[in-house]
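In order of appearance the chains are A, B, C and D, and numbering begins at 1 in each one.
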Amino acid sequence: MKIGYFPGCSLGGTAKEFDISLRAVMKALGVELVEIDDWSCCGASSAHASSHLLAVSLPARNLLLAGQQGLTEIVAPCAACYSRLVIAQHEVANDAGLKAKVERAIESPLPAGEIRILNVVQLFERIGPEKLQAAKRVDLAGLSIAAYYGCLLVRPHEITGFDDVEQPVIMDAILAATGARLVDWNFKTECCGGAHSISHKPIVTKLSKKILDDARQSGANVVAVACPMCHSNLDMRQVELRKEGGHQDLPVLYLTELLGLALGLGRKELGLDLHFVRLPEQAQTAPQENRA
Amino acid sequence: MSESNWEPKIVAIVCNWCTYTGADLAGTSRMKYQPNVRIIKLPCTGRIDPVFILKAFERGADGVLVSGCHPGDCHYNAGNFHARRRWMLFRDLLDFVGIEPERLQFSWVSASEGRKWVDVINGVTDAVRARGPFTGYQAINKEFVAHE
Amino acid sequence: MKIGVYICYCGENIGRTVDCAAVAKACAELPGVVDSVDYKYMCSDPGQNIIKNAIREKGLQGVVVASCSPHMHEKTFRRACSDSGLNPFLCEIANLREHCSWVHEDVPAATRKAIDLVRMAVEKVKRNGELEPIRVPVTKRALVVGGGIAGIQAALDVANAGFEVVLVEKEPSIGGHMSQLSETFPTLDCSQCILTPRMVEVYQHPRIKLLSYSEVEKVEGFIGNFKVTIRRKARSVIEERCTGCGLCVQKCPTKKAPSEFEQGLAKRPAIYVPFPQAVPNKPVIDRNVCTHFRTGKCGICKKVCGRDAIDFEQQDQFVTEDIGAIIVATGYQLYSISKKPDDSAIKGYGEYGYGKYPDVIDGLQFERIASASGPSSGEIRRPSDQKEPKKVVFIQCVGSRDEAKGFTYCSKICCMYTAKHAMLYKHKVHDGEAYVFYMDIRAGGKMYEEFVRRAIEEDGVKYIRGRVSRIYPSGGKYIVKGEDTLAGEPIEIDADMVVLATAMIAQPNAQKLAQVLGVPYDGYGFYQEVHPKLRPVEVSTAGIFLAGACQSPKDIPEAVAMASAAASKALVLFGSDQLEREPTVAKVNEATCIGCFYCQKVCAYNAIEVKEIRDRKGNLVKTVASVNPGLCQGCGTCNATCPSKSIELLGYTDEQIFAEITALG
Amino acid sequence: MSDLCTVAKELLQSGQVKLIVGYEKGSGPHRTRPVVIRSAEEAGRLVFDHHSLNNLAVYLTRKEIKHEGRIGIVAKGCDVRAIVQLIQEKQVKREDVVIIGMACDGVVREFGLAWEREHVAPKCAVCDVRTPHLYDILVGSPAPFEPPADSQLARIEQLKAMPPAERWAFWEREFEKCIRCYACRQICPMCFCDRCIADKSVPQWLESSASRRGNLAWNIMRAFHLAGRCVGCGECDRVCPVDIPLSLLNREMALVAKQEYGYEPGRDPEAPTLIGTYDKDDRQDFIQ
């Protein structure tokens, strides 16, 4: 199996461990990731606030490159990149006028066939839980996972056509293959504060705390995410929360890291040491303390 | 009629309950449309035999419109569903023997869609006018007219 | 042929755009036309007399009136013809007004078109046949399907007019949803107090045959002459023997089944009467939970019954009834948002936690909680811990008016019953707080708006305009997160209980029953009336009428009014011994019919029957189609489908249509 | 073909069938002709080879033999499809017919042609019933067979690529040849009407003279009446004395039926017919 790879900027920076763990897990599962050559910014967070044409043209250029490089499916692990790519694809497909403008902007006609864009959850859905199950080396019975989807992964439903918008379940189903327990909790799609991380830190801290508190109260000892923005908010803001006092650390791991652990990969191979809140050694197989 | 002021002859075969009544509504609303159409009323689109369409062409129609109730609105529950299948096949067949699709058109016009009726009829009339006289059929009609 | 053509000016309506005199002149030349007259108002008495006199004096064999739409005056002119001895079906209308003068401006073009239209009608009428109305006898007996308030009302009205009624109810008791309600808006009178006398009246009525715990299985025949097969589900209790003493119910050791009547808020035994005022007051055994049916043991009910009324061996029975008119009053159900509906377009409201959180309930459950006969005897208690909730949030439009996740339509009754719920709550819990999330308040109805104002102004119910995004439990409470769109800010309420006004939807088996009855339904499974304004209780299948919420969401007064309307439609039918039907029905040419039965496949009315043709010795010669004229509605789909053209729709025969088309050239 | 003869003999001897419709040797090389046998002694006359061209299903609806009793029929897979469609259309009762299914290695397109690759009938190119899909008795098993290219489809595509006017001209030329002999109708197992619309005079359904206009109407309506019913046996093509490519029209209708409705006639005796049924979601983008 061969899949195109659009890392986006986060996976080279704050979400380096997402990149590391994704590559490691794909290698372990025998999936070949082909990074799109000469990929560029997807335009997330700033382009669509300044120019609609730019916001569509940037992802369109990357889709063009993928098509030229013979890729029919690509994975965009960052939820924001995923969102920009699928929205751009949807818009040009449904608006011939816009398509013409975009093609002028990127100086090339867009490829005729549609490229299938996957987020990381869809990627594992595509690979299939059976394959994960078969490749499992370690049972993560010690973990109770709160799967956190955030806002971008499943929305807007008309475009993503993926999972239930308010009560998504597919990430839970994938993580169930690790042997861990998935907790039923309330804030699967609650806002983490997203891009306000830098500009409005107190708000983000407050929102993140609510999510983490609910996850813990629901019996989770780890939160799974599939978005660099969610991760940085939920993980990094715990530093402030510690200062406020009364906070109990709750590790936040990428979906790929948790799956990597189940596949028997080492903590280093998965970048687990790059987090602010570390998953305690052996936590995954330790008996659970707060199993509800 | 000379070539320059040729006007297309349009036959509309419609159902009584939706399209005929929709055309009535266009009238009571005093909407205006081109006078080329002659309406043939049947109880239901289910009653429309494709041979009616051929007969219309044989009688010099340059275009035929077939129109009935929207799916689900059929006065007789399902007449238009049966008709829709027949139309799909018949339309393809006529296309396959070289009759331009503009000459045979289909629409759903409900009893409340007087405006749509006007738009459809004007659209069909304009499209057929743009195609010109149905010379293909006229040529084979001519031979027959000579016999009559 | 002697055809008369009569061209109407319709004052100036036709005359302004069509040169009527020229049309009359041109038409006089048409072959077969012996009289061609133009007149100011053909539909007036003098106008009609022109036609009548001509028929008599000139011996006309066909009449064409060129006037307004046939939908307007076809009946008038047909009557004029038959008054002077001409078969009314030998009259055709050319539509010069709606289809010509009103829609065109160019006089020569409109006049040319008018002549064409008359010529087509003349050619058609030459080929019209004399048709006689079809007369069929009427069985003066009504079937009412559904024993809720609408069905009860309809049954009583028909029976009180002196006709027999068969009332079929699928549940063990009649009463429907209304029997579950606490008080009713806007008067706050007790629902059961006004309903139960009606239920008893039904039971005691000499002309009403009540078949409870029964379902309609099959409907054959046609208006005035239906044959209906009804399945009487095995009750396991012999109704004739049971006295309703209730000993079996008391002694039944299995008491853990969720009560349907209490909406799962209380338990009932395996043998049960749905509620104390049930009609008939005869128990039924729920075979899925009964120990005897599960293990073969127990049988206590049979032992304690002094009348030997328990029959474990009872089977479903089928009874057939001759019926003239059917009133469908099958009601509604509430959209259960806990389950993912089959329709993938409906996304549900998982974020509200209905079915997951015990204190998030729907409107009918609140009715039971507020009802004096309910599980908490009318005291407001929340299901999880039976504590009195001090803060209750009511959410309107859960599933209604929600294109994204539910249904596009308005359920109509929720604004009112939510106001009622909040009001009842405030009356019973004086220190409690009631919040209502709404989109709009729709309180059209006598004393309705005043009722809502009372809830807000006198009882202090807090109305918040906005939607709720999520409900989640926290510390024994439920956090209701929403938006106050008037204040423009997010809002969180820590409620003790949440009541969802979920959408009113069609019954789960509505479509199946519709197919049995031959009733059309809309995209939501609600039954479809013929005309939304002018024929609101009739369906396209003649002899079947609609009452209540099976047609669309309705409150009690509307359901009752509709029931009486449906009953009166049935009574109109019963007013005559025979009924006349339009003779435009299909007819088979048995000589050429090949028996492929494509006509049967396309007939939506089961009007095509199989007929065997035998020779004198009784040997089968061939099998052909045959039309039951009582069932045929005259759509003509069979005519177009028949490969050998051996079935024809009278009034629209191929010959007539060909003549019309030929007249074009 | 001793197998076929044995089977036929047994069927007639045991009285399971009253008669058998099959093929016998024709009046020259590379020819067969239909034969009806009524006794076991005649069983030896039956043959089956690459020249068993006729679709014998056409005889099942013939009044002359229909009432004699149970009929045995020798049928290739393509012929069986016609029998199945006749069952679907209530013209034949399954229990009234014993199908002797013949494993088929292909047939030639016309009598008199030797079995060579360039002589293979066009229908064999797309045949997927070389072992019939329905039978009471199966005779033989198909030998390896490399089907020729689908020339019919290629011609259809070629026609569709033309501008409408050229297509019209093509069919005009073809239909002009029609002499209204109705051989296409007589040979077609699906044309079972007692009175064909072409013979209907009150009102006249189609112009009966061999005029250009009447010929167009007849050929269009013939194809339309077979839409969703024609099983593609190609007999109309074979018998047309003026070589009108009739089966192109039939095949085009079959392509639409398959593509739009996933329907193939003559596959399943229990299946509903294409016309006479509908799906609420049938395609309607061509309707305004």
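The criterion applied here is as follows: a residue touches a chain if its C-beta (ideal position, glycine included) is under 8 Å from a C-beta of that chain, and two chains touch if they have at least 3 such contacts.
A quick note: this is a predicted structure, and the numbers were derived from the prediction, not measured.
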Chain pair, C-D or B-D, that carries the greater number of C-beta contacts: B-D
Return the distance between the CA-based centres of subunit C and subunit D, expressed in whole Å. 48
In angstrom, rounded to a whole number, how far apart do the mean CA points of subunit A and subunit B lie? 56
Subunit B and subunit D, separation of their C-alpha mean positions in angstrom: 34
In whole angstrom, the CA-centroid distance of subunit A from subunit D equals 60
Could you pull out the residues of subunit B that touch at least 2 other chains? 58, 72, 78, 82, 86
Mark out which residues of subunit C touch at least two other chains, giving numbers and ranges. 602, 641, 654, 658
Residues of subunit D that touch two or more other chains sit at 197, 205, 275-277
Topology of the chain contact graph, where touching chains are joined (line, ring, star, complete, other): other
Would you pull the subunit C residues touching subunit A in the complex into a rising list? 347-351, 470, 472-474
Which of the residues in subunit A end up touching subunit C in this complex? 157, 164-167, 186-187, 190, 214, 217
Complex interface listing, subunit D residues touching subunit C: 89-91, 192-197, 200, 202-205, 225, 272-273, 275-277
Residues of subunit C touching subunit D in the complex: 591-592, 594-598, 601-602, 641, 643-646, 654-655, 658-659
Which residues, counting only subunit B, touch subunit D once they are in their complex? 50-51, 54, 58, 71-72, 78, 81-82, 84-101, 105-108, 120, 123, 136-137, 139-141, 143-144, 147
